[in-house]
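Next come two complexes built around subunit A: one with subunit B, the other with subunit C.
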Partner chain A sequence: MSAFTLPSASLLSQSVLSGIFVGALYGLMGLGLSLSWGLLRLINLAHFAFAFLAAYLCYELASRGLDPLLTLAAIVPLFFAIGAGLQGLVARFAITPFNSLLLTFGLTGLVEALIQSVWTADFRKLESSYAEQKFKVGTLFVPVPELITLVLAVAISVAVWAVLRHTDLGRALRAAAEDAPIAAAFGVNQKANALLLAGTCAALASIAGVCLALSFTLAPSQIYAWIGVVFAAVMLGGLGRALGPLVAGTLIGVSEAVTMAVTAPSWAPMVSFTLLIVVLVLRPGRAA
Partner chain B sequence: MSGPLRALVKRTPIAIVGAGVLLAGLPLLGLPAFYDSLLYLMLHWIVLATSWNILSGYTGYFSFGHGAFFGAGLYTTSTLLARHDWPFLWTLPVAALVAAVLGVALGAIVFRVKGVRGELFALLTLAVTFVIGTIVGNTPLDGGQGVSLSAVPVPKIGPTASSTFYLLALAAATTTLLIAWGIAASRFGAGLFAIHDDEDAAEVIGVPTYRYKLMALAISCALAGVAGGIHALFLSYVTVGEVFTIAVPLTVVLMSVLGGTRHWAGPAVGAVAITGLLYSFTAADHAIAGKAATGAILIAAILFMPDGILPRLQRMFDRRGASVPAVVGATAPVSAPSAAQALAMAAASAVAAPGSVSAGDRRGATVGTGAVLLQVRGLDKRFKGVHALSAVDVDVRRGEILGLLGPNGSGKSTFINVISGHYAATAGEVRFEGQDLTGTPAHRIAAAGIARTYQIPRPFAHLSVVDNVALAAMFGGVVADPAAARREAMTWLEFTGLAGRADARPDALNLHQRKFLELARALASRPSLVLLDEVLSGLTPSEIDAAVALIRRIRDQGATIVFVEHVMRAVMALTDRIVVFDHGLLLAEGAASEVMKRPDVMTAYLGTAAVAVARQ
Partner chain C sequence: MKTFRSTRRGALVAALATVLGAIALPAATQTAAAPVRIGSTLALTGPLSATAQIHRIVGEIYVEQLNKRGGLLGRPVEWIVKDDQSKPDLARTLYEQLVTADKVDLLIGPYATGAILSAMGVAQRYNKVLVHHTLGIPALAKYDMQFPAWSLGSDPATTVPNTIFDALAAGPKPPKTVAVVTNKFPSIQFMTAGAREVMKKRGLTEVLFLEWDFGNRDFGPIANRVKDAKPDFVWVGAIGLDGNLLLDAMKKLDYVPPQHFYLYPAPGPLVSLPEAKNALSVTIFEDQPPFTSAPGAAEFVKLYRERATKAGLADPSVETQAAASYTAWQILEAGVVATKSLDDKAIATWLKANKVDTLQGKLRFDGLGNFGDDLMRVKQVQNGHWVVVWPKEVTSGGAKLIAP
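Presenting the complex of A and B:
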């Protein structure tokens, strides 16, 4: 066990900042997962595979000279279609929530094999004009790719929250999640809404994937590294809530970063999973 | 149970042991070592998948934490070998123990929380895997570098080291399959399957759900711990990164779902299929294709065989053998007995059945004595802000039919739910036959002699009609042996007129039959007090007449009945006395014909004239 070392104030605040940045990515990654679980009862493990597939596509297009953010124009519609297609399959075969977990795990294996056969199992890192850019605020360094992720995560979460809260579409989606047959009886086109929502969730995964490609090295096996901590953020944040994953993700990111600074990086997984266990045991109703 | 089936049940353990003994002779053939390793891996996964299934398949609590228990056994053995120089075989019981203790500690916390089921339980157990992995990796147990066991000698059980591992795994797999079969065929297994379908209803008919889940988890963990202990020496170099992963749980889930989780042999079928498949791909150097194929197979299995291979095959087999008489039909009387005969049979068995002396005594002393059977004092139940019951005092006298009336939301169903132990009371006291039942778990209340029905029938969906009733007979303390319980259940199916549907699944019954199934299930435990929650709602007038006659016959046998009902015709015809609830308060009490004339009762039901006008 590593000895406790009290880090300096500047190191600690730099840790908190990097925790916020990585937490924003947890939140962005978790947003689509939370919406599809909470509003569609589809527990989509393949969400992570989608994010990585998008990250690799972004890497591929960027290595041919395209700006990474511009690749979103192609990637987002593509993944919208993939997500809607998956929902079509789930609806056609009336998959239960638990079986959706197994089904999408199978899909994850397929996508992982696809990525591995196209891009090999080696680590890949996106090179772009602003990959290494950073600026200084006071004593803190702010890296540009992480800042882009943070801005995107906050903007998208707030936008999704506003749609769910204040539009007829959002009300219809929430009503259908409560009781689909009743909502349908009141004129909600549940089928079309589910396709739209599932497409949106996959599109959100692809945006998270592009952000992932901006600041992390990619390898097919890394798909599984994100599952635990993002699920923790989703459940802490409450299922189907737009702002939940972002808030919970940031909380986890910061506590992980501080844990790493105070003890050793290898203790970091303790934080998110202990938080998840505590929440599940004390307030299971929150996630159900 | 018919002759051939009973013979099959008796033959199964012999077949398992026989197969084990036969396979133990395999190393004598001197096959190349890689066959030993392939077979070892198959057996290894059979142990892991089957042990997982004992908790998760049988009860439906899908655990993603099997890696943690497997890892606990694995690190127990490697620590004892590498640091304390224990002989290898002695480490295995310790590995089992450590894994089981870990499982019970986790279960003791998690199983107390009502909402943690399904996806939540899966994720919680997955999180536990990572927490334990982090602790092991950061402490001297592993130290972050892994543990090497290359210096530890492999015990000489088989002619070669690889055959030793094969034989060890074979012994473990044989034991595991025997245990899995034994549980599935026993009363314990019946309780676990009931938990799978409806945990609350299982608890209410007398299944000690908490203890059963904990026991299943302990057995499951101990077996995974043994598999881990053997695997530690097989790997000879263990690291946290490869043990505490999502790979172990996902593989066992995949194997079990593919093979069928409701059958003891399902996971083993899945384990052989998947291991063989993966091995054929890796042997031919197509690891990526193997990964893709596993994914594709899982997708296809979920879409086209959501119940698994084995149940699918069984169904095909059943259809082919349709000319063979159905299992229970063979023992059931050919012509349905008249109501009078059935009543006589039921009454006779209720008093004379062996091992039910106390139930018989309870019954013998009943009709007409009028002594207080159930005494409720100051009963309070609050749901956050809502006061569902306030200071309710009710006496139920032996042998009477007490009607429980009141508008919707007045607290009638809450009263039943509190008495049966479904909800804990906020305050107050419940005494039954002089025994204090306040705060007692529902399965003990059931054992004390109180049974209930649900307004919306809650049968165990995956069990046949007769098995639904047999469960209640088994856990109501009347009979312990599954075969006797089925015979007892048939009596009650005849009593309620359901004998012809004994082998049907509950979802094949109509509402009227499902309501009668609820009644049969409540009666099979030979309760002295039956709580009927709106048994008549949704029935047609002629069905109501049949049900009223049936309820009379139940009382004529000596049971006391509390009867929640809106159908006034039935209330007037059946009840000796009624109590009326309004907004959680006891409003009136007395004979039905008098109480219903009281103005305050009429107001509670119909509203005052002024309100009625205002709403027009």
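Presenting the complex of A and C:
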């Protein structure tokens, strides 16, 4: 068998669709990370742990009969509070961006241990009515859980973009990230805004977690499997940009899927990082 | 007077001390019998942790049973288990620590090839016996005092695929075309490479060959490629949850593989998946006759079921991992009991010269890499349960391989 095979049209189109779906999840997961990194200067590795914790909570509540999407009503406020609490801690101890990386890495380990102690290290799969649902458009199969993820990712990214672009709060957040003392001089309440933004970022992680639980099998150790590719999407998309992670995530997802369709799946991880290197070389200011 | 009273009090104290001493003597003697300390690591966290939980439960059960029988050499047994976080390099450091700092009497292996090889290096440096659970590549077992508990045989890359293709050839629909998709995890890649050779020799046509990295998340394109190749049989070099993820992805494409095999799947999650109907895999032990008629097997199966259920494991039945783990402890105990010592060299010499009665049957350690016979059997998901279907002599109730 040669390493390169010419895919059939249906194989290629299905792969592109699959890439769009997984890319939307990369984007949704990267959105909160990008905002936190770009606007708060907090490199929050615990973002992935929050997403998985939310996924497990969704699994737990859904296994007690609750609709997985309805669990968002409880999970999102909870994670908003957790995110705001973490930001309070970071502000209280004036933790630098580099130290925030270390702090949140440690926190990730703690959350992983917590998940493992409650749900064990065994694999968990959320069984819901959505999992069974799919429909066909021409020759393409469209699974409903992935479609939900895509719709949520697009809707939330656009909403966040609109808030950042067209509201006073958005302008204040961007101004504080640009030049905090000047923003403060203009009356921007940075402390309150930071708490609000950090809470929102954690809430976004929890929404990504629910989407993760809808489509993927869960294991505590898989927290780390997402870090590399989502970081690539965040950096490609530009820090603090609302639509960037979604666009970059989709680009990475489609590139990976097409790579898997025409060559070997083991080549796929190289795609995201090659794209990242190329962009950083050609446009070094992108991830600043 | 004072002197008298003092003397009388002294005599009373002395008498009391004598009585208390007599009462306390057995306890003191018991304390003097220091425990036999057996050290190991397990991947209690990290990507291999789901399977390591099985080994932890088995180890706890075995040590409890052993202590109820009086321990080893009349001394209680203490198991010191450290978390290697699924990292072979950390396993190496921890085994070093077990030998030099914890000063354990004996070692027992971790689970998974990478960690076992790390532990083996340390065991070799300190001339310690290492009985290990699930080493997947026998040719890598170069150390003379290591003993495998997983009866794969010396050349599993040839013998195991042959067993599988024998089963398929004897089944209702012998395949002619095969799609081979595999994880690049070393022991999986090794077996899949062997399977491809076996297929060639048997005149089967390979219509697809794909590899993916350990930790791959997106199985959609792989499922797509398999569907496009239209094979009679799919060989999935699966480890852990690969099989579930691939079947989930296939389901989204409305594709059902005609006949399908999974090398080392997480057995619980796979058997509980409706799409895994008729899926094949390999095993050394299943929770069914004739396997459960081995001495001690029924009690172990019952205890394991209780503990695994309590620990929340998806599948509480004993299969390959739990059986290999239990076997490792049986081998170590047999060596100590037969030689009446904790001397590693004496234990190793005895094990090489003798067969050991285990859950898997009588095991020998005189082949290449101290491996003995290949006792791998073929099992299939039938009616939501794993059922051994090949070879005929170990099937239960006349179970046969089903091909849709």
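Odds and ends about this structure:
As a convention for this text, the second predicted complex is superposed on the first by the 286 of 288 C-alpha atoms of A that agree within 3 Å, B and C clash if a C-alpha of one lies under 4 Å from a C-alpha of the other, contacts with A are read in each partner's own complex, and residues count from 1 in each chain.
Operating definition for what follows: a residue touches a chain if its C-beta (ideal position, glycine included) is under 8 Å from a C-beta of that chain, and two chains touch if they have at least 3 such contacts.
Everything quoted here is computed from the prediction, not taken from an experiment.
When both complexes are superposed on subunit A, subunit B and subunit C clash.
In the superposed pair of complexes, A:A81 makes contact with neither subunit B nor subunit C. Once the two complexes are laid over each other on the shared chain, residue contacts for A:F216 go to subunit C alone; subunit B is not touched.
In the superposition on chain A, A:P269 makes contact with both subunit B and subunit C.
When the two complexes are overlaid on their common chain A, residue A:A192 makes contact with neither subunit B nor subunit C.
After overlaying the two complexes on the shared chain, residue contacts for A:A155 are found with neither subunit B nor subunit C. Of the two partner chains placed by the overlay, subunit B and subunit C both lie in contact with A:A113. Contact with subunit B, but none with subunit C, is seen for A:L101 once the two complexes are overlaid on the shared chain.
Two complexes overlaid on chain A leave one subunit C stretch from 24-32, 96-104 or 258-266 clashing with subunit B, and it is 96-104. Looking at subunit A, you'll find residues 1, 112-113, 116, 264, 266, 269 touch subunit B in one structure and subunit C in the other.
Looking at the complex, you find that subunit A touches subunit C at residues 1, 7-8, 10-11, 14-15, 18-19, 21-22, 112-113, 116, 119-123, 125, 134, 141, 143, 146, 216-217, 219-222, 225-226, 253, 256-257, 260-261, 264-266, 268-269. Of all residues in subunit C, only 44-50, 52-53, 86, 184, 206, 208-213, 215-218, 220-222, 224-225, 227-228, 240-241, 244-245, 248, 252-254, 266, 268-269, 311-314 touch subunit A in the complex they form. Residue ranges of subunit A in contact with subunit B, taken from their complex: 1-2, 37, 43, 89, 93, 95-99, 101-103, 105-110, 112-114, 116-117, 224, 227-228, 231-232, 235, 264, 266-267, 269-270, 273-274, 276-277, 280-281, 284-285, 287-288. By the touch criterion given at the top, residues 62, 109-110, 113-116, 118-120, 122-124, 126-128, 130-131, 133-135, 137-139, 144, 245-246, 250, 253-254, 257, 288-289, 291-292, 294-299, 302-303, 306 of subunit B touch subunit A in their complex.
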